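Shared chain: subunit A. Partners: subunit B in the first complex, subunit C in the second.
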Partner chain A sequence: MSPIDREAHLNRWRSKPLAEKALLALGMLVIALALKPAVAVLVASAMTAVTLVGARVSPRLWLGCMTAPLGFLAVGVVTLALRIDAQGIGLAPGGFVEAGALVARSIAGLTCMLFLALTTPASDLVGGLGRLGLPSEIVDLALLMYRFLFILGDSAAAMNAAQAARLGHATARQRVTSAGLIAANLLPRAIDRARRMEIALASRGWRGEMRVLADRSAATASGLAVISAAIASIALTGFFV
Partner chain B sequence: MHIMEGFLPVSHAVGWFVASAPFVVAGGLSLRKIIRERPEARLNLAACGAFAFVLSALKMPSVTGSCSHPTGVGLGAVIFGPAVMAVLGTIVLLFQALLLAHGGLTTLGANVFSMAVVGPWVSYGIWKGLRSSGASIAVAVFAAAAVGDLATYVTTAVQLSLAYPDAESGIVGSFIKFAGIYAVTQVPLAIAEGLLTVVVMNALSGRAGQPDEIAVLAGEAR
Partner chain C sequence: MTPLMEVSGLTYSYPGGVAALDGLDLRIERGRKLAVLGPNGAGKTTLLLHLNGSLRPASGQIRLDGEMMKYDRQALNDWRRRVGLVLQDADDQLFAASVAEDVSFGPLNLGLSEDEARQRVKEALAALNISHLAGRSTHMLSFGQKKRAAIAGAIAMRPEILMLDEPTAGLDQHGSALLTEELQRLCDAGTTLIFTTHEVDFAWSFADEAALFCNGRVIAQGQATELLADTRALAEARLAPPVLARLTGVLKTRGLLAQNAAPPRTVDDMLALIVEWSPAYVRS
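Let's turn to the complex of A and B:
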């Protein structure tokens, strides 16, 4: 259902320590947002290289993920660059400078987020949040939800295909009805599925806790130091450019 | 409407995290209580959260030609109440950022505030208000979903205009610009989502799968 999830499980950096990938992505994200636009440009190019060359993420998928948010960005930029006053619509003074900084920052932020999303499965990240102190009830809920996403996503895709094959998407009116039917049929199925899973787990002595063996490698001090140094050098370079 | 990664300045991103934290923590505490008392509710909640995610991945036509997706905010608020929706919505938004590249990590706080706090509370208020004043279920559901959607979009426009006030006309002028541009897609979408939610509720009440389980969740959650 989610090509991003597949890539996150299959890329070359899948088994790198979670803490190192998270530090790289979030550290770069923070300096891109907090410092000058020049830093954001450097961060965007560094993170693109790391994602495509380092982790060997499929460039086609990466580009596909980049284009969708760019529509939102385009609207934002137009809004910043234009002004509306008594004479009508014109260019806003200084709007282009502001819009350019916004584009640099947003694209840099996007590359950082995509790096994390495409190299690290969401279940690993949620597990990491649990080790950082997120209550175990919420972590378990999120992990169960992660599992259900794919079960329900498959059902929804099958329903959607069946409707499309029966002219269910022929008109706009028909599409709203079809979408409503999917939603209405999916919710009882989801709850039914949850009940069956609950019975299966209860019969195996489940007490509301999932214990699984994770083959994660621990972060090394040298790895963390290299990443911190890279972040600091980009921040400094951007400062003097 | 999700604000993309990197769109908000650091101070605003942090501010919206702070603003939505109390709602999410309060929702988390009530969720914890539900789960402590009835561990089996956990699976139901997970299934419903996943349902909201899948619903948001569903393509729906909107009048302006582009395909949009429903948010499920109104439906969730009517069924589960707004407190639980804050937590479920936060997890759903996190997964949307990580699995669909929709939304962002630093903008998560702002998106949670508009979509998991303001939207559900407005939907819930409208639903309760209309039902107690004697409106039919269909009208109340439509209004709850459509107005909840609009409230979410207005909140997002406010967040954007606070972050990027107009040089001359300030926050108000900027709000008019953002709200005006996004109204083109968001107003038809809100109406479509309202209609969709009525279709869903009709179909649900027609087949009433396991009404007691939804009722228990909703009753305990409120």
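Let's turn to the complex of A and C:
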């Protein structure tokens, strides 16, 4: 299982209403991108605090998730700050300011997205999209795919271990062959499994609609108001800094 | 009295022509625990899939409460409401994101209101001692927990007959003992149980009745403690007698147990019998 998915299920804010978490993440994202870079700095600090202190997401995992995108950001910053022309390499005029703004906005955006990803399981998000009007066929399919992802992932991991145990990964050439064999084996397995699942669902009276009782906490007006106020106050503070 | 379910002359071939069922007969009495015993690959799962209409036989009949089962949509819905199925691999059955959601699937398909469905979910989870897992994600469960969740999903529909494919396969001793207790409680509450297994010892300790399945037929059906002591019938189905059945047999022929002593179903029963029947000088 992916550590991100695991954290999304086990963090302290797992059962907070989806609408509240989504409003917080997307609202903060919008002001970080639309307003002054100073706002982005405030958003980044606020969302980091909310994620690590509020939802108690593991800081190690959070840092790990931040690292990869920061690598891309570093490359982008260098190209913005430096100028290459006939005289050689030099600093771009205004490049530092631009690069600083980019860094602030990117990190702020990242903290917003990570907050949502690490506090809310993908299945909740898909379910939420369903309530927003995404057709139920697509929602059901996405949820089944989400479920199968883990089952097939486990199968693939087991096959991989079995191959390694029989020296299937000894050379680069064998590694490629072995990976191909896994891919070729997963397809029929997935189809078999889908057939069995169809039987199991039909045995429980399935007639084409995947209706389940989702006991989720509903967003409260006061919760949404508090979050909106927090977003507004950060936006305003940014103007006076 | 008409049996709860009566199967006669069932035949079925897999696509490709291999015969899986070849004139199979089976009787299921109300409130009993029936073990369908047979070696791996005998077609036990195929049989269960016939008993709730998932597979349609080439010929033969299935009667539920004396009434012949049909295969139109309405009849199948009714059939599956009355006969629940738990597959061997719980991952084939759990599809929803959380345990409670998954268990609510069947009750909602029955057309129950959300409140009723919620009540059913609560009861089913409590019956299998997994109330604490209600909100847990289905892919974050242990093997035994998945199995319980799958069974809860079936019993939340309150079937008259619950069919389980290899219920103890892959469970450790403790998990298997707990599951047995939970299944016994279901049975005490009136649910008829049918389960497939190749573990003769489990069948001996738990089943009321046994059916030996071999070459697409039930070659013998009867009281578990009688049939599973029948070495010849067992050998025909490529099964060995349960340890306690063999021990009982030997002790009786040696005169160490009364001929009319009830066969011990558990090791504890056996120990009690041995103590009771051993000569006084051994006991002291």
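In the analysis below, the second predicted complex is superposed on the first by the 220 of 241 C-alpha atoms of A that agree within 3 Å, B and C clash if a C-alpha of one lies under 4 Å from a C-alpha of the other, contacts with A are read in each partner's own complex, and residues count from 1 in each chain.
What we mean here is this: a contact is a pair of C-beta atoms (placed from the backbone, for glycine too) under 8 Å apart; a residue touches a chain by one contact, two chains touch by 3 or more.
From a predicted model like this one, the values you see are computed outputs, not experimental measurements.
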Combined model on subunit A: subunit C and subunit B, fit or clash: fit
Which of subunit B and subunit C A:72 touches, first, second, both or neither: first
Which of subunit B and subunit C A:152 touches, first, second, both or neither: first
First, second, both or neither for A:9, with subunit B first and subunit C second: second
First, second, both or neither for A:202, with subunit B first and subunit C second: both
Subunit B versus subunit C, judged by how many residues of subunit A each one touches: B
Following superposition on chain A: angle at subunit A, subunit B versus subunit C, Cα, nearest 10°: 90
Touching partner for A:144 - first (subunit B), second (subunit C), both, neither: both
Contacts of A:193 with subunit B and subunit C, given as first, second, both or neither: both
Minimum distance between Cα atoms of subunit B and subunit C in the superposition (Å): 10
Residues of subunit A that lie at the interface with subunit B and also at the interface with subunit C: 1, 144, 146-147, 151, 193, 197, 201-202, 206-207
Residue ranges of subunit C touching subunit A (in the complex, touch as defined): 49, 52, 54, 76-77, 80-81, 84-85, 87, 89, 91-97, 100-102, 104-106, 108-110, 114, 117-118, 121, 135-140, 153-154, 157
Residues on subunit A engaged by subunit C in the complex (per definition of touch): 1, 6, 9, 15, 121, 123-124, 127, 143-144, 146-147, 150-151, 193, 196-197, 199-207, 210-215
Residues of subunit A that touch subunit B when the two form their complex: 1-2, 4-5, 26, 29-30, 32-34, 40, 65, 68-69, 72-73, 75-76, 78-80, 82-85, 92-95, 98, 102, 105-110, 112-114, 116-117, 122, 125-126, 135, 137-138, 140-142, 144-149, 151-153, 156, 160, 172, 175-177, 179-188, 190-195, 197-198, 201-202, 206-208
Subunit A contact footprint on subunit B (complex, rising order): 2-7, 9-10, 13, 28, 31-32, 35-36, 39-40, 42-51, 53-55, 57-61, 70, 72, 75, 87, 91-92, 94-95, 97-102, 104-106, 160, 164, 166-169, 173-174, 176-178, 181-182, 192, 195-196, 198-200, 202-204, 207, 209-210, 213-214
